[in-house]
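Here the structure comes first, spelled out in structure tokens, and everything after it is commentary.
Here the chain labels run A, B, C and D in written order, and each chain numbers its own residues starting at 1.
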Amino acid sequence: MKLYEFMAKEILERHGIRIPPGQVVDTPEEAASVASRLGPVVLKAQVLAGGRGKAGGVVFATSPAEARRRAERMLGSRIQGYPVERILVEKRLDIEQELYVGIVVDGSARRPVLLASARGGVDVEEVPDAELIRRKIDVRWGLMPYRAREVALRLGLPRQLVPAFADIACRMYGAFRQYDAELVECNPLAVTPDGLVAADARLNVDDEALFRQKQLPRVHDDTPLERKVKELGLSYVQLDGDIAVMANGAGITMATIDVLQKFGGRPANFLDVGGGAAAEPMAKAMAVLLEARPRALLINIFGGITRCDDVARAVLEVRGSRPFDLPVVVRLVGTNEDEGMRLLREAGIEAYRSMEEAAAAVVRLARGEA
Amino acid sequence: MAILIDEKVKLVIQGITGRQGSFHCRQMLEYGTRVVAGVSPGKGGHEVCGVPVYDTVEEAVATRGANASCVFVPAPFAKDAVFEALDAGIKLVVVITEHIPLHDALDIVAFAQERGATVVGPNTFGVISPGRCKIGIMPNRIYCPGPVGVAARSGTLSYEVVASLSLAGLGQSTVVGVGGDRVTGLGFVQLLKQFERDEHTRVIVLVGEIGGTAEEEAAEYIKSLSKPVVAYLAGRNAPPGKRMGHAGAIIERGKGSFASKVRALRSAGVAVAELPWEVPALVQRALTA
Amino acid sequence: MKLYEFMAKEILERHGIRIPPGQVVDTPEEAASVASRLGPVVLKAQVLAGGRGKAGGVVFATSPAEARRRAERMLGSRIQGYPVERILVEKRLDIEQELYVGIVVDGSARRPVLLASARGGVDVEEVPDAELIRRKIDVRWGLMPYRAREVALRLGLPRQLVPAFADIACRMYGAFRQYDAELVECNPLAVTPDGLVAADARLNVDDEALFRQKQLPRVHDDTPLERKVKELGLSYVQLDGDIAVMANGAGITMATIDVLQKFGGRPANFLDVGGGAAAEPMAKAMAVLLEARPRALLINIFGGITRCDDVARAVLEVRGSRPFDLPVVVRLVGTNEDEGMRLLREAGIEAYRSMEEAAAAVVRLARGEA
Amino acid sequence: MAILIDEKVKLVIQGITGRQGSFHCRQMLEYGTRVVAGVSPGKGGHEVCGVPVYDTVEEAVATRGANASCVFVPAPFAKDAVFEALDAGIKLVVVITEHIPLHDALDIVAFAQERGATVVGPNTFGVISPGRCKIGIMPNRIYCPGPVGVAARSGTLSYEVVASLSLAGLGQSTVVGVGGDRVTGLGFVQLLKQFERDEHTRVIVLVGEIGGTAEEEAAEYIKSLSKPVVAYLAGRNAPPGKRMGHAGAIIERGKGSFASKVRALRSAGVAVAELPWEVPALVQRALTA
């Protein structure tokens, strides 16, 4: 779960990191009023998209009138598809240098890493490797000040800023652990005449840990359909084809999509019903898939934890409660496979043991070649 | 021979009284795994499929000599369960549980390293040395013994590949799921190392997917390997960005894409299959080369 | 720093541990009013003394009138020398069993330990070793629920209470770390028909960590003189003799007192000026010592970090600013010893290099044998 | 021979630019200790008594080959300093700083153990192998080389005892302060072990005090020792309770008192002196026995 900039900043401020004076607004009038209080300001669209600056989501205003005009134009516009509903209006900083500092999980090192660069303000992916410092963090001890100081020195920061940088990095790590973050980032961490200020901030929280992060706000970053399926505990991404796909496991779902493409089909979605999917949520997920009006449906189940008979019953249940005339192809192998196949065939549904045959069949059906 | 597990395993199942735990307890028993104990706090004294249940792993180790654990405990409590197993001296813990918080996985991996233990997963289908021992949730009947070592990120996709291997008469030494999560205990590189040393394994199959850099690191390591490697990767047409997001991209820095992985593996001499069912032919070719 | 029971309970409650309903009062009227709200109550004197129960500091009342009477008698009384200024009035619990659970630092194991016993409610020192469970805790990982469950099982707790016990122990450990505690204790942790309740609680905080425990209340547990010296950063305990003692280091201060006793003298205090004592606080400490009107003063300095010339100057400074006619003996060895001896002798103060001679001299002087 | 330190020490002083750090830097140099570097964040490039100052211990190790550290850093920052030294690969850290929070000391000890390193202190006067090397704050001139190994809890009291030994012509192999705090890295038992192995040490002197159970544990260990041990303990007449309080008493459970310690040591065959200046005679007797 990504938090909006203003939320991330609020949290970092509570952890003792300095942020610019500012306020979130959702009307041009408020923007003007904040600007009249703060002087020259920056208006930042609160959207979850990256590269917001290039898309016009970050603009300056020197007067309340200008702030109002800018806000008017920004509110209701879209940035990379995201509607701008809120603007963070902040006092414009006098920035001498922009640093990057982030804490993120490195899956290959199996550890959190501190990332830092003297070239902040841009997408960190664009910073050349040689200018990005990485330091692995031992979760048993956390990020210690000496390590952060060493990084600050290597960034070439002026000596008097080294303790402040170390302090910020350690506090960021504190927030990273406390909020089950995947990522905490200040980009840029601005060097100003008054010291270091988090001019922009991100905090992405591990979805799997939300159950114990009750104090955090909830932010949704998906289409209504995606949300609906996610609420069923499944993993869903919308695509633009016409063959609805449902499979069990991220790997086999991706492979199914790859195979369909290879066979000339156009998948309508990525839907992983997961290893432990029970009949009821699967039935609901199928119902959701059908809402998008695909031309055919492929269910590809290689049973592990998932039992094939559950899958078969789910298919029958959906058809029973909400009859559909769309062609359905089921591929079924694994635990309780015989029982699953029997149930489907008895109900007259096309079922295969081979993925190749099933994929070929559904592509044919979607083309109306029946 | 095989890697990680064989007939010497005495398994304790943590979370044995749950729906999945008890179902797969029976499956593992049927496969021939010596399931010597179950653990379920508050349920000590019960039995599941004839297996005695204890309140603590310590008891299971002391009373039944358990030396490996399979964890089905729900995600919020899984870290505690793995720590308990490791603290009780168990050196192989297979964590089936999915949806374990990322920071818990970090802790699990660090604690396992500290104890010199191996954690497979989390979010793994498990480990199987066909004909000898199975710890996990994979279907029993698709495996057969043989010279192919398989390491996979995704469960069902590995079943797909393994089933096609078995159908082609190509048995497996050991099949291991590294787990689908961002942070897992055992990785491709450690498995390649073990397969290289295992005399029974003659060819290695990697079943990978987009995201992360595990395949690229494996490719780097494969350059020093004497045994042939075949790979299949899922995700050529996966929607970009959605899966890993920004946090992953920062670390990956250009790696992690389908193209990057295929390039890395091919340049390390790996035969990469285009479709899952093409794997057996490539393995056959490697075996007879 | 010891916290009062009610403070410790407030903190544990914030950490999710159940405590009895109740309120701190400092008048009989309030006690009556709390009792009228809670029904049968227990009145507990808020003093830092142990063994409060046996000394009449814990009494029951079944009616508001009785609560008022009891409070009247308790307030203003003394328990082991401590005046009772506040009473915690709590709903009387229906206690089925009293457990002990504590977390404390084991200096010999160099680790925190979890201590638990099924025989709580008494002084834990009185619980036989065989009935006290100890489990060392790795600070890198903290107290994990499985360990606490194992302890609960070993205590023989009914199964349904095991998770609650584990939860409480883990939360106690959380508080232990968060507040730099030397000790966190629930004694008794009461088994009631509604579950586990912390019927009494202690939380002792490491004095050396108070600088970073700004959110905790401050509790003083020393005589005014002790406090005065402590504020100078020195370690002081009042005794009942007539020879004031000042030495540098806890060990040598204790040894000095032992030697004086052995020589027939009666030390008036324990004052360790510490290793790094500078002239100014030492001069102030001396001034404080003189306030207690001893018959003689022995200063025993074996210089390590402490420089003998600083000590000599401190002595001279005090004598210069507040002339005193009390006999003073100084024993001075170590860093800058020659300079120190020279300064003292030039000022006409008795100074020795040998502890034996100095001790003999001051005992003689205190007896008026000059 | 000696224990812990000798001529091979290349010392880095952390907190070298402070008042105590610079004063004792000079004292150590005068004693002959090879102080190769100082560390003081923000002061890299300076010099103290001719010793180059660096911003980090890593630099001091890389540039000057430092292999031991002496920490004078103020208490709130001492944990960070010790961790830095240990993380830079230093295997002997002598922590002079007093008033370090208890929980920081717990962390320091755990981290040192993890790294297989020795921490002396906190709140120690240091370690000296007379005539060879000194790391600490003890006065230079009271020590002389010889066969007596000394382990002490309190600094000044050990000076008292050592001065009387030297005066009696009884030199020291190594004198170590375990530190006055409740939790310290090195304890009596580890020191006894090392003195037992050190061929130059012929008799061991323990300077203890009331509180804690270090002397009782030492007594237990001494039973297995071949070398004679002499002890002096302070605190016979110390006000009860004030020093350790409840938290200590729970753990000690009757141990920790003067009587308990004397009893334990005597029953282990230790000669316990009644007055500090009686130690030399007891040592002499042990040497000639």
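Annotations for the structure displayed:
Here is the rule we go by: contacts are C-beta pairs under 8 Å (C-beta built on N, C-alpha and C of every residue); 3 or more make two chains touch, one makes a residue touch a chain.
As the structure is a computational prediction, the values presented were derived from the model and not from experiment.
Looking at subunit A and subunit D, the chains that touch each of them are C. Each chain gets a centre from the mean of its Cα atoms; the one farthest from the centre of subunit B is C.
Mean C-alpha position of subunit A lies 26 Å from that of subunit B. The distance from the centre of subunit A to the centre of subunit C, with each centre set as the mean of the Cα atoms, comes to 52 Å. Note on chain placement: the centre of subunit B and the centre of subunit D lie 50 Å apart, centres being C-alpha means. Among all residues of subunit A, those that touch two or more other chains are 140-141. The set of subunit B residues touching two or more other chains comprises 107, 114. Taken as a contact graph, with one node per protein chain and an edge wherever two chains touch, the assembly fits none of the named shapes, being neither a line, a ring, a star nor a complete graph. Working note: touching chain pairs come out as A-B, A-C, A-D, B-C, C-D. Residues 140-141, 144-147, 149-150, 153, 159-160, 162-163 of subunit A are the ones that touch subunit D when the two sit in their complex. Subunit A meets subunit C in the complex at residues 140-141.
Note for the complex: subunit D touches subunit A at residues 41-42, 55-58, 77, 80-81, 83-84, 87, 107, 111, 114. Contact residues of subunit D toward subunit C in the complex are 20, 24, 27, 75-76, 96, 98-104, 106-107, 109-110, 114, 125, 137-139, 142, 152-160, 163, 180, 182-185, 187, 207, 209-210, 212-214, 217, 232, 234-239, 242-243, 245-251, 253-254, 274-277. Only residues 2, 50, 102, 104-108, 110-113, 115, 124-125, 129, 138-140, 177, 180, 182-183, 202, 204, 206, 208-209, 211-212, 237, 239, 247-252, 254-255, 257-259, 261-262, 267, 270, 274-276, 301-305, 333-335, 337, 355-356 of subunit C touch subunit D when the two sit together in their complex.
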